[in-house]
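Letters A, B, C, D and E mark the chains in the order given here, with residues in each chain numbered from 1 onward.
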Amino acid sequence: MVPLSYYLILSAILFACGVTGFLIKRNIITIFMSIELMLNGVNLSFVAFAVRWHNLSGQVFVFFVMVVAAAEAAVGLAIIIAVFRTRETLNIDQVNLLKL
Amino acid sequence: MNGLDSAILTLITFVPAAGALLLVLVPRRDRDIRVFALGISLLALALSLHLPDHFHRDQAGFQFEQNVPWIPAPNIHYHMGIDGISLWLVLLTTFLTPLCVLISWRSIHERVKEFFILLLLLETGLIGVFVALDLFLFYFFWEATLIPMALLIGVFGHERRVYAAVKFFLYTMIASVFMLAAILWLYAKTGSFDFTTVQTAIRGGGVEGMAAAAPWLFLGFFIAFAVKVPLFPVHTWLPDAHVEAPTAGSVLLAGVLLKMGTYGMLRFNLGLFPEQSRLNAPWIAILAMVGIIYGALVAMVQPNLKKLIAYSSISHLGFVVLGIFSFTSAGLNGAMFIMLAHGVSTGALFMLAGVIYERRHTYQISQFGGLATPMPAYSTFFLFIVLASLGLPLLNGFIGEFLVLSGAFQARTWWGVIATTGVIWSACYLLWMYQRVFFGAVTHAENLSLRDLDLHERVALWPTAVMALAMGVAPLLWLNAIAPAVDSTLAPFTQLARRVAR
Amino acid sequence: MLHMILFLAFAVLSVAGAVNLLIQRHPISSALSLVVVMGSLAVEYLLLGAEFVAAVQVIVYAGAIMVLFVFVIMLLNAGEEERTHGSRVAWLLGIPGVLALTVIICWALVEHSMAGVAAIGALPGPPADIAELLFHEFLLPFEVTSILVLIAIMGAVVLAARPESVEQTKKES
Amino acid sequence: MTPNLHLWLLPVLPLVGAAINGLFGKRFNRRAVAAVALIFSGSAFLIALWVASQLPKMSSLPHVETVAGWLRAGTFRADFSFYLDQLSVVMLLVVTGVGFLIHVYSVGYMWEEGGYYRFFSYLNLFMFFMLVLVLAGNYLLLFVGWEGVGLASYLLIGFFFLRDSAAAAGKKAFIVNRVGDFGFLLALFLIIQHFGTLDFDKVFAAVEPYQGETAGFGFLTAIALLLTMGACGKSAQIPLYVWLPDAMEGPTPVSALIHAATMVTAGVYMVARSHVIFERAPSALMVVAIIGALTAFFAATIGIAQTDIKKVLAYSTISQLGYMFLACGVAAFSAGIFHLMTHAFFKGLLFLAAGSVIHSIGGEQDMRKMGGLRTRIPGTFWTMTVATFAIAGIPPFAGFFSKDEILWRAYQASWAYWLVGLLTAFITSFYMFRLWFLTFFGQYRGSAVASHSHVQPAPGVIEVANQRPRVGEAENAQARGLSGTPVQESRGHEHGGIHESPTVMLVPLAILAVLSLVGGWIGVPGSLGGSNRFDKFLGPVFRSTTPALTQEHERPAESVPPERETEGAEPQTGHGTELVFTAISVITAFAGFGLAFLLYWKRPELPDQIAASFHGIYQAVANKYWIDEVYAVIFVKPLISVSALVFWRGIDQGVIDATIDGSAEGARELSDNLRHMQSGNLRSYAGWVAIGATGVIAYMLWVGMR
Amino acid sequence: MTLIQTTAALPAAPDYVRILPEIVLSIFGMAIMLLDPLIDERRGQRLLGGVALAGSLVAVVATLFQAQQQFWGSGFWDMVKVDAFSIFFHFVVAAVLLLVILSSYEYMEVQQIRAGEYYGLLLFGAVGMDLMSSAVELVLIFIALEISSISTYILAGFRRRSAISTESSVKYFLLGSFATAFFLYGVALIFGATGSTSIPRISAALTEYISGGGGPLLAYLGIALMFVGLGFKVAAAPFHIWTPDVYEGAPSPVVGFMSTAPKAAVFAVLLRIMFQIEAPGRIWLIWIAAALSMTLGNIAALVQDNVKRLLAYSSIAHAGYLLVAFASLPENGIPAAMFYTASYAAMNVGAFAVVGHFASAGERYVTLEDYSGLGRRSPVLAAILTIFLLSLIGIPITGGFFAKFYVFSAALQANLVGLAIIAVVNSAVAAYYYLRLMVVMYMREPRDESPVPAIPSRLGIALGLSLAATIYLGILPGRILEYAARSVALLR
């Protein structure tokens, strides 16, 4: 028997790791992975809450999140490829033509 | 009241705008455009002559009213009407605009079409400000004057026109949003934008939170008006704007635009917040007096003709503000009269400055000297207007100045004393300027062959001269209509005074 | 007890994977760490009874999406991360922000979340039930996802396709 | 039933003349211009005579005619109303009479000048305003005339506008007068504040019940003092006299008309007009008397050392105006007006004669370059002689009677006034005879006039278009103007030589000479066997309102005969005393003559020696005590530099604009800094988002936990 | 509703009408996708554009059809709700779409952008936005949000040969996803707090909690996180930071699109969430965000030399004004916000259309100096842009004036005097940078005299329409406002 809050805290930690990754990673792809990490964290919350309320729509929501994540991944990676083509780098610190 | 009376104000207001729209369609033949613009402005003038003709001078309330719902949801009405105060300001506008067209006949030769479109649009805005009785409508026109004026300065002006235009725009824009806030507050609390409704509501005391908000509302309106007037110390946009503006722009700027501020004070600050006006009068009067003396002294040392006139406007408008905040019949009548007189005479002064600029392309006084020799007619007109401006009796400047000073004196003796020194200063700077420009020998060879006034210029200048004289000799023609309006504006003040006395 | 042990084990594993993702400098290592996280989460889902979600997690996430990631990493031949110092703000504001955020959220969850307890398979989510929901109440979102996917395909095609004009210019030159 | 005299015609006639000449004169020839000017001013004179003749028939005086409303505000109103009583009739006659004569004179004097039409237009305009001034039925209309004559004076002083000094003098006159007007206006406001009206009859009626403000400083005193300030400006009294000497830049007839005979006396007139107020403000009266006495003496001393013939006359005018002030100050208003009238005759004459002198020798004004003109221009000499005797106070010339009257009344008020007045009389006599000797006796010291034949004066340039033959000269003048040579007021005479003026100029001289001789006879005091008809004539004006005046200033009360209160009544002091004083003043006048005779006829080298030995004093006097310079240092320069440096450059540009531009600059800088938030780095952006999110969440939790 | 649920497994016919505009747009989008490979690229531009245009027009018609009273109400088991509110936003989105398509024609040719995907993405994106404004279920909102976001991510990078376009795209994408994750976390927590993802049910549950004394903390947390996500989408400070970079790099017509339509849709969502859920503590949250947005946006724009960035900052500021309306009471705030959205859409699309046209190939002419003398070089273009700028400033007879006016007056009516004053001062400060642009256009000498390309007819129509809308809203705002006011009553 695990308290639900444990799951929630785990999810919060994963989410925070994702945010941290976004902040500290330089490689665009890794940053994108951090976003996926955040989504995973959220998903865990959904499932946990679904248990809390005995409501399956939490799980359905996770399903939709995954679909969205998949779509995002497709588009995101395509964008990353396009960036790489024009800039020949994946370092986000160097993708800074647009500023001020 | 015939059928025309209810629509006449709309007609007068929008004839110039309609003319401007038509002007868009007129082919780019400069002469046609000029003639057309002149025709439109004369039409507006002719229409506006209907007003004094049918105006009931013994009535205090608004006349020629037109009140149609415009936007229902915020209760905005298309409400126009005039009383003795706005009547003459409307006429002043329609009087000056044809002269502006005439004086720009030659001096504007590039982008003529745009120029006259802007001029006519400006006229609509100015008239609208004076006839609007709905606070919203008023603000609407108030802001609407800003763009044409800024463009006139910025596009058709002289060297530092951009700086001047931006300064003008921002100064007045920033100030006027405070008024907007105040208007909105009033609407939020009274549910109406209608001037008389709001006024009745405030006087009835049924506006919640009024006691706490009144000082701020007063200030909101006042800031907007003070910048427009312009009152010391928010006057510095004026010299720049004037120096850079084309002649017609200066004429309307000094002649009418500045009056929007004093008109606003008279109508809104006094009309809506009598108690606050009374409380704030001391410092406002001090600012006005500082303006009178300061404006005159700074005018005295200006090396630039137009700047000098601009600073003189600051000085003159100081009289107006002082008169308004003296809360005496004489003061208010006088303030109104100075507004008109200043409109005519300073308008004429700017036209005259424009005449010489057109010939010499400079406003530097040091570039002139001895102009009376090559340009006798010009110098005569100039002298006449200078005399009108410095308040020579029997010319228009004197009447207002006398009334204002007497009113100020009655309000507080020392106000009168300090402000009256203004008559010395105005003589100093105007006559000194006149001497430097016109007297003595011609010091610059190129001035020897300057041509005197041409026909357009004469036609533009004569009316101002005649008007200056007429206003000085027969001011009752004007004061008759002004007095009832002033009395009704002052009514709450006498009550206030009585209450204070008790 | 077993539940707790399993939960803790996979919780630690997933956090370790997440941290490893942050620590690793090579994208491939990060991607593999992420797979670990996802796998552990799938177990956690199972523990909560969400069988369908767990399955989809493994198939879609760990399977499809991560493969895509790895594929792109290989395609672009992404090397190790350079240690550039592009952003002070991220360190000065972001990291403290994240720490504060985590603390606040965790505190709120602990203090104020309901004291529910979950048994193993507390809320079974068999595919049939899920399907019932998807094709009934969530019919519209479900259908709409098709547009989402369509967009994604289009986007991928547009953006990842080799730019013709570049080729043209290469040919011309 | 009082008849309608149509008083408005009086001022309007010259106005019409001015308008005709001003608007169309350019197209007229000189004769037409002169004709218009003379017809309109002359008919004004005739009407004035007629009006005067109607006076006895009037059932009630003052007689007020209101023509039209003028302005109104609240309860205050002012109308175009004209006010006729004995005082205004005297002024009317002086103004129109002397004015007309000077018009006639000018026809000849200005014949050669350019801007002929302009000159006469201005002159008529002046007549208009002056008549408005003397006929005004309320203070405001009086102020109209007051300012208007100032304007005419400005225009006429600056008539030769090519000359910088003339232009500057005109401006100075106007501005100094404005300083006085400042006081005048305040006085008007005070009157309005207390009485609600400016109409003479109403104000005086309202003042009458008041007791004299013997103790303390009441509002009547304030009004009176402020009116005095106005009068000081117009009548060139200390400290506002400085404009009058400079005003001599105007053409000489102008000096005669405006700056001697009429306009400058407006202040005296105004004080006399307001005597009801002044009589109730003894301290103000005292101020008037002191100012008058001081000015009389002070200006006279300056007159001693002036070499410019017109300047001498100018200071003499100031000095004589001081006399009039003194008279008013001791409440001898009719004496003041009497002197005003005689002064108009002889000072007008002096100026005209001086003009004739100047005219005859080709524009020279420096007396050191004159001399021996007695024989060359006998007509001028004789008329001038009459005038000189008149001003010096030699009986039975006009000035004697009026001056004597003033001295006597001054003595009654205080011996100090009398003493100053007497000293002044001596000095006056001295410098007038000095002028007389220097000009007409001895050898001619100027160079040949023929060589002085000046080019046509530059003011005529304006007429260039109309006067084709003069074009060349005009250009010549222009060139001179450009090269910086001062263009003189000049009478160009191709024929050369010292010559007598034309008849048209001499006739007015002659008429004025006669008036200077006999003008005083209407005011022969009782002590000399006369009946002082003038005093009696004016009596109603000043008596009718005389209050319980207590003249307690300066002197113990017993020395003031209570009967003094009623003007025109025989003073109780008796004729004996008065005769003694008369004798003293006659002796003084002759003493002045004697000294002048000694210094400028017998021992012409003495003046220089004296000047050398009293170098400092002489310099002070010759330089008019450096008053102009002092004013420049105290008022003008600080004002200009403060305006320019402190106000304009300092406050306007340095503070206000700098603040505004600075805040704009500040905003721009802030904006620039703010832009650096937008570093372009994605991780930074995420950092901002994260910190923002933290803020939002923390806030919401805080809200939630409350 | 329960009736439908129990009697039929399939949705009833009116339900389809309730998503009719979305269906229409999807069909046309797919038609474009199908046509694209079939026709030649050159001719394709025009044809596909025509199809897209037709799609947007039909969508407008569909919206009008949908507006009939009988179709109002919820559909698809409480997923979407047709009411005056959603119809309004449908209309705005469709209108913006129409304008953007019209103004894209020329741009596509100049930039050599592939038309099929472009129009398809526009239409599909519009589907997402439409759904956002009518959805009353967080799942659907989330998906719709993603549809609109993903399509705009792609559109931003459409000039994929250009480094700045792809950079803009990647920044937008990463940050957008980042924000989406926050939003999603918020949804999860709300779900955790109330056990539902349906807005009416959440609302009911929360009302119950609050009346029961103090809501669960999770709900606050959830609201906060959702606000982060949505605030990011509308570019509200402090989540505005992506806007300038993305707007600068993205193709101009796309910026016109994404600065208006998705924003309008997200605002609709925000309105639903904030007001329908009666989120506690929201007023001050929005207060601060509004004040920050206005101030940061306006001040940062003061020295901006790139016109697109300038307009980006201006859009941040405008989001701030809109939030002012949000902070006001619903009775006045919502109509004000709706009106603001409409007029902002009209003027901003117009402004970006002009900017896009003037920028020409390669988005070259976008700095302030490039605009110098435009008033002389192309008076018409300059005049049109001037009117849009005046509207953005808020000068009378333009929609922008009334928009601001209503917002400020709503704020005052809600006694938010401080916020109203901040807004008022801001709008005055803002005048400066718009004015700067006008000054450059009219008062500077042209830097180069090369002729500005003439306005093509379709762009002309687009400009004409947006001009007409701007002026119409500025002169006769009554009807729109009345409509908006009516929709408030139905929103609850």
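Going forward, contacts are C-beta pairs under 8 Å (C-beta built on N, C-alpha and C of every residue); 3 or more make two chains touch, one makes a residue touch a chain.
Model, not experiment: these values are computed from the prediction.
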Under the document's definition of touching, what chains do chain A and chain E have as common neighbours? C, D
Overlap of the chain A and chain C neighbour lists contains D, E
What is the shortest path, in steps, from chain A to chain B when you may only step between chains that touch? 2
Could you quickly compare A-D and D-E and let me know which has more C-beta contacts? D-E
On a CA-centroid basis, which chain has its centre farthest from chain D's? C
When you take the mean of every protein CA atom shown, which chain's own CA mean is nearest to it? B
Interchain centroid distance [CA atoms averaged], chain C/chain E, Å: 29
Quick check: how many Å separate the C-alpha centres of chain C and chain D? 101
Take the average of all CA coordinates in chain B, do the same for chain E, and state the distance between these two points in whole angstrom. 43
Euclidean distance of C-alpha centroids - chain B vs chain C, Å: 69
Chain E residues counted as touching two or more neighbouring chains: 139, 143, 146, 150, 153-154, 157, 160-161, 166, 169-171, 174, 178, 192, 217, 221, 244-245, 429
Multi-chain contact sites of chain D, meaning residues that touch two or more partners: 675, 678-683, 686-688, 690-691, 693, 697, 701
For chain B, write out the residues touching at least two other chains, lowest number first. 170
Touching pairs among all chains present in the structure: A-C, A-D, A-E, B-D, B-E, C-D, C-E, D-E
Contacting residues of chain D [partner chain B, same complex]: 68-76, 140, 143-144, 147-148, 151, 154, 158, 161-164, 166-168, 170-171, 174-175, 178-179, 181-182, 185-186, 188-190, 192-193, 458, 461-462, 478, 480-482, 484, 487, 639-640, 642-644, 647-648, 651-652, 655-657, 660, 664
Listed in rising order, chain A residues that touch chain C in their complex are 1-10, 12-21, 23-27, 29-30, 32-34, 36-37, 40, 43-44, 47-48, 50-52, 54, 56-57, 59-60, 62-64, 66-75, 77-82, 84-85, 90-94, 96
Help me check something: in the complex, which residues belonging to chain A touch chain D? 19, 22-24, 26, 31, 92-93, 95-100
Which part of chain D faces chain C closely enough to touch in the complex? 679, 681, 683-684, 686-688, 690-691, 693-694, 697-698, 701
In the complex formed with chain E, which residues of chain D make contact? 667-668, 670-672, 674-675, 677-678, 680, 682, 685-686, 688-689, 691-693, 695-697, 699-701, 703-705
